[in-house]
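The letters A, B, C, D and E name the chains in turn, as written, and every chain counts its residues from 1.
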Amino acid sequence: MLTDALIAGLTLGGMYALLAMGLTLQYGVARIMNLSYGELLVSGAFAAHWLFTVAGIAPLAALLLVVPAAFALSWLIYRVLLTPLVRRAPNREALEVDTILATFGLLFVVQGVLLVMFGGAYYSYSFFAVPVHLPGATVAANRLLALGFAVVVGALLYLGLTRTRLGTAIRAVAVDPVAAQLVAIDVRVAAAFAFALGGGLVACGGVLVSMFLTFNANLGVVFTMKALIVVIMGGVGNLLGALIAGLILGLTETFVATWIDPGLTLAATYAIFLVTLLVRPQGLFGIGRR
Amino acid sequence: MASITRRMAVALLGGGLVAAGSAAAQDMKSVKIGYAISKTGPNAGGANVTQIPNYQLWVKEVNDKGGLMLSSLKRRVPIEIVEYDDRSNSEEAVRAFERLVTQDKVDLLFPPWGTGLNLAVGPVFNKYGYPQLAFTAVTDRAPDLGKRWPNSFWLLGTSAQYVDALVGLLTKMRADGKINDKIAMVSIADGFGIDLSKAAREGFTKAGFKLAYDKSYPIGTQDMSPLIGEAARSGADSFVAFSYPPDTIALTDQAKIASFAPKVMFLGVGVGFPLYPGRFGANTEGIMSLGGWSRDNKATAEYREKHKAMHKRDPDYWGSQVGYSSLQMLEQAIERVGKIDRPAIIKELQTGTFDTVLGKIKLRDNMLQEGYWLIGQWQDGFYTGVAPARPGAAPVIVPKPAWK
Amino acid sequence: MLEVSNLSVAYGAHRAVDEVSLMVGPREIVVILGANGSGKTSLLKAIAGIQPATPGAHIALGGRELTRLRADQIVEAGLALVPEGRGIFGELSVEENLLLGAFARRARAGEAANRTRVLALFPRLRERMRQEVRTMSGGEQQMVAIGRALMSAPDILLLDEPSLGLSPLLCGELFTAMTRIADAGIGVLLVEQNARRSLAIADRGYVMANGRVVGEGQAVALRTDPAVQRAYLGVAGGSG
Amino acid sequence: MTPRRLIVSAAAVVAVGLLACVPLVFGGYGLSLAINLMSYTVLATAWALFSGPTRYVSLATVAFFGIGAYTVAVFGEVFAWPVVLVIALAIGVVLALIVGLSTLRLSGVYFVIFTFGLAELVRQLVTWYEVNVTRTLGRYVFIDVTTAQIYWQLLALAVLVFIAGILIRRSRLGLALRVIGDDETVARHVGIDTTRAKVTLFALSAAFITVTGAVMAPRWTYIDPAIAFNATVSFQVLIMALLGGAHRLYGPVLGVVPLALLFEVLTANFPNHFSILVGAAFMLVVYAVPRGVAGLIEEGRGSLRGPRRGLST
Amino acid sequence: MSSALLAVSGLSRRFGGLLAVDDVGLTVEAGQIVGLLGPNGSGKTTVLNLISGALAPDSGSVMLDGTPITGLAPHRIARRGVARTFQIVRVLRSMTCHENVLAGTAFGALGSWGPAARRSADDLLARLGLAGRAATPASALTYIDQKRLELARALALAPRLLLLDEWLAGLNPTELTTGIELVRSLRDEGLSILMVEHVMDAIRSLCDRCTVMNVGRVIADGPPDVVLADPEVVRAYLGSDDA
């Protein structure tokens, strides 16, 4: 029963972490509080669904199409819609408010397009839904795959951001965009790259979760909020933080569901989140700003 | 002359109104029907499967015939539709229906989706005297509501009806020695799940069943493995879930992954949705839920074909046919009255007998009392009605076959 | 050789910098003196490209026009600024700050040599390589800032009030370091409040008031100029 | 009283008098629309009462609004209407005090997300309580309050919230809040009890929001947590107040009226493309009206003192 | 020294593993200017933060005129008569100069409000040479004027003790002379001042006493000429050539 809950919690947490990594890049590095984040995730899920049911392309192969497309789309969004806001913002707070408002608008636009294309109905398909027998527990292969992706992608990104000059440059942009220019970093390109990378990541998450979650065009906000909670719990801009916060949330949910009451899982999530914020306002692994 | 009685005055006034109304009716170009429904928001998933397709199908069919036959005009009058999105929000819904009645001056209204919104707009329907044929609301207050708002009709009935039918089935299986007396029950923490689980708790206990596991889970729960794990460990032969579509699918998925194959597997909304067999194929065999269809009912089969032709997908197996039937009832009531006289239409709906895809229907206490399936089961790729016991009821398959 | 002519910076109607011209040669230390609000910081920012200049300005480095370039391209062209408040990446380590200093393509080839030079200049950074910069003292942070700027292999280094907030001891070390930087062939343009010390190490100086250059000359001459003495060297002339 | 102030006061009295006549002139839909405008006016103005000067962006609006509505669902048929409103008010204020004391040291986006989480937490807890303790989810509210009465109550609330706003602005508390909004550290060091000032305002703002929820509840007959704690309310209030300009007392109204009417027109005419159009309109507003409508008016008058969106430093 | 206006003893504060302030004691007699010196990172600003209540000490006590104020909230300490300025100047940017000063008047020791408060705010602006700037937004001021405004706001609290954190830093010699005169005149009016400062000229000409810190500890304390000649102070702080 313990291993069962543990493994279920880890897979759920892995999914949360996967969902949050893109946002931590977009918010932590590109400084865009992207409220339309979940919509892009749902778009990824729809794309995978469409490719699978209509074109017969397996979701894992679909990643090769969807992720670059989402990367390109996000790049475009950043350059066309967000650059003017970045340029006119006198400081970080003003940019935060402006981007919250602008991406809130974007949320409706994307959702509206999805509604026109797919309607409001639920979508679901089955792929890789085979049981994997682990010692002490049985899990769905597709969920395990999502966990694996979260760990691998998280580790790769972490290494990339800390061990390479380019990655360090991206973190420098997060710390101080003005000073970053003074070491010859083209901040516009670096921020756009981080934002687009975040977009690619979230679409990847969308494709993966579409294999086991039932979704419709209205579900984006749910994912945005979950991702936000993970990002803030883990510390903004901190990939490992997102991974660990995701796992903590996942474990909390399954433990509460198993031993206390499934009715309190979401309440427990929020309670943990709120307590974390109160004890460590900068998140588990964040650095206090201001 | 000072002794004109109040009754006379009312009659005079009324006459004047009727005269004015019929003058307008003479050049009536269309029958305006309005509705606000959740095209967006959390309700959209349900509204898009069970409700909107039926509205579109019925309107198209009637207009293809030339419209509603209004004998007072001696001609058919086509239907014109005004539709809004209530965004799954009660206040939006109330205002949208107010707008439909007072601004768009529609002749009739279609109901919104779900228990909450149907109740929210109930006072508006009632205040302006429009018939409200709610077919996606399950509430224990249905009998009271029918009395409080005589213009309202609650076609899906009460949770007690469904639970009674389910308890009946399970009791018989136990008597036949096919299942033990333990039941594992989970329910969504929403009006639907709570009403049904409350009734079920009482019903099961009274019938001598033991609830080995009994929990609710919040809307938006993304992982069902703890629930399924606990249910499997509870030793119950019967698993009952009063769930919403995403959870219904997740529960099925997880049960399959965990190789949890209870002898009775009863799930909530979504089992009858077209995407369910699309997703699980042969694995649906033996799964039970609310609603159900008659395999040998020609009208039903015909409706199914029409729906499929228009929307490129099947209707759902629970609310859809009830919904379509309610529209047929409305059509027949209007044509019998012969004009858009709402009090008369309401009266006809209360008392008349109607010919629908469900068969002959007569409402009692503003509710659909019989003639439709409460419990159904996937049998050989068809979601067939198994309870209540009436002609056409298929024998229940127990135990549910193992997962493939 | 940095040549600036006709440079103006405007905030709305207010002209913070008004048609300034100046030049800095290789191996030369040039100091800009002026009261607070006389436009010195805006001038440096405009040269470095993080503050837009009004049209008509000319900024050239070794004959190459910098005027239309972005800040990052200007660094690439060989001009580095250590801004007021240091502008270091507080949440990154010393090592990472220096690594980023060499982000410019021009700096890659000589990165190792530059690093050796910076560490020779500021030996105490060597033992702090893995430390997060924000946890270091003000003086050490200033060393990181200057070191990072030097890592981009600049031809010209701009320093905005580097001694602000430093103790007298560190201040002394800093001015010594500046001399050694110039000796290595880099032109240094310095904005300083500490006129006495900066004129002591400078070759030439400019005096700014209300956004304009109102005086210039050899450092030796400025040191003895009565007007400069009165305004910038103070009357309470004692020293420790 | 200066003549100008006299004129403004007289105009305000006349305006309130005219607004009070709305239910006598418009019925049905017109009144519904007026209720919508009036309720969002109270909500957005009350929101800006706290968030405008302090620059704490709260998404907890619906937590308080929902509590108001739910109180009516629970006690609506038990007590007389004024008693119900007082109970709602008390619960709202108590929650605001608890939340305020524990959370107001968070800043920026952390506070935003915290308040959003709070609304969800309250919703989850109410749900859990109803499911496991009362075993009913979804309560029926059959109270004899007419639509016109709802409107008048909202109008009264609107008048009160404006009076409160004016009084605060002129008071020492108002100055304290603006100092906090600019620099909280400085505020503390000039002797301002920042916690008390913020919590007082937060509770006052929450009180108005809670009572608005209570007043609106009888319109829906049926209340469950999903209806009462619908997060879109929080977002809508935020957006309206920011569009109008949260740094002015009259700012939020300038956002409420155009946005509510825009939503109305779009939802009536483009039910299938509502989302796209609203989103596009929204983004247009962000790009074209960066300082809120109040900011536009100030620009027109040539004064540029208000900060962008009343939130930035 | 029970007669001291400010008496700090045994003050310690730890940040994580770092002991930023270690058993610090110092006093400010009524009507004195005391200089708090030391290398960067030696804990001077932390001491000011501990006195003004921005931080709570781990141990030790702070007495103001014989009453303990240790660990009180900053607003309480401010109301008891301790005003401060900040190392990096902090004005209320979106408010006018007048409102900036009014913020001090309204919540300080006097807590006055209304016409009298507005008058005294205007008087203070005039005193610091900002007479014509009452309606100007603080953000539009130059650096030196912002420093003046910040001091005016601190004085508006009607403090008994003024904490200046590098208030003279960044001023050119002319401005410095004016600044020194201003601080001296405040002392002459009976205000006690504790100032963190690197400008030696100011220290020599203003301070009655100096306390020097290094790595969180007090290494010297006494009259300026004695302290500044102390070999340990020279080694740790001044350096051998302060040319």
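Keep in mind that, in the parts below, a residue touches a chain if its C-beta (ideal position, glycine included) is under 8 Å from a C-beta of that chain, and two chains touch if they have at least 3 such contacts.
All values reported here derive from a predicted model rather than from experimental measurement.
Asks: Which contact partners do subunit D and subunit E have in common?
Replies: none
Asks: Select the chain at the greatest separation from subunit C, using centres from the mean of Cα atoms.
Replies: B
Asks: Determine, using the mean of C-alpha atoms as each chain's centre, which chain is farthest from subunit A.
Replies: Taking each chain's C-alpha mean as its centre, the farthest from subunit A is E.
Asks: Compute the distance, rounded to whole Å, between the mean C-alpha positions of subunit B and subunit C.
Replies: 76
Asks: Using mean C-alpha positions as chain centres, tell me how far subunit A is from subunit C in Å, no decimals.
Replies: 42
Asks: From the C-alpha centre of subunit A to that of subunit B, how far is it in Å?
Replies: 37
Asks: Using mean C-alpha positions as chain centres, tell me how far subunit A is from subunit E in Å, no decimals.
Replies: 47
Asks: Give the residues of subunit E that touch two or more other chains, as numbers and ranges in rising order.
Replies: Residue numbers touching two or more other chains: none in subunit E.
Asks: Among all residues of subunit D, which ones touch two or more of the remaining chains?
Replies: In subunit D, residues 124, 127-128, 131-132, 272, 274-275, 313 touch at least two other chains, as defined above.
Asks: Which of the chains are touching one another, listed as pairs?
Replies: The complete list of chain pairs in contact reads A-B, A-C, A-D, B-D, C-E, D-E.
Asks: If we count contacts the way the header does, which residues on subunit E are in touch with subunit D in the complex?
Replies: Those residues of subunit E that touch subunit D are 52-54, 73-75, 78-79, 83-84, 86, 90-95, 99, 102-104, 106-109, 111, 113, 137, 153, 156-157.
Asks: Considering the complex alone, what residue numbers of subunit C touch subunit A?
Replies: For this pair, the touching residues of subunit C are 48-50, 70-73, 75-76, 80-81, 83, 87-92, 96, 99-105, 107, 148-149, 152.
Asks: Within the complex, which stretch of subunit B touches subunit D?
Replies: 39-42, 83-85, 87-92, 94-96, 98-99, 101-103, 115-116, 119-120, 122-123, 128, 141, 148, 189-191, 193-195, 198, 216, 218-219
Asks: Report the residues of subunit C in contact with subunit E in the complex, numbered from low to high.
Replies: It comes out as residues 33-37, 135-139, 161, 164-173, 193, 195-197, 200, 230-236, 238-240.
Asks: Can you tell me which positions in subunit A touch subunit B when the two form their complex?
Replies: 1, 4-5, 8, 11-12, 15, 111, 115, 119-126, 129-131, 138-140, 212-218, 222, 250, 253-254, 257-258, 261-263, 265-267
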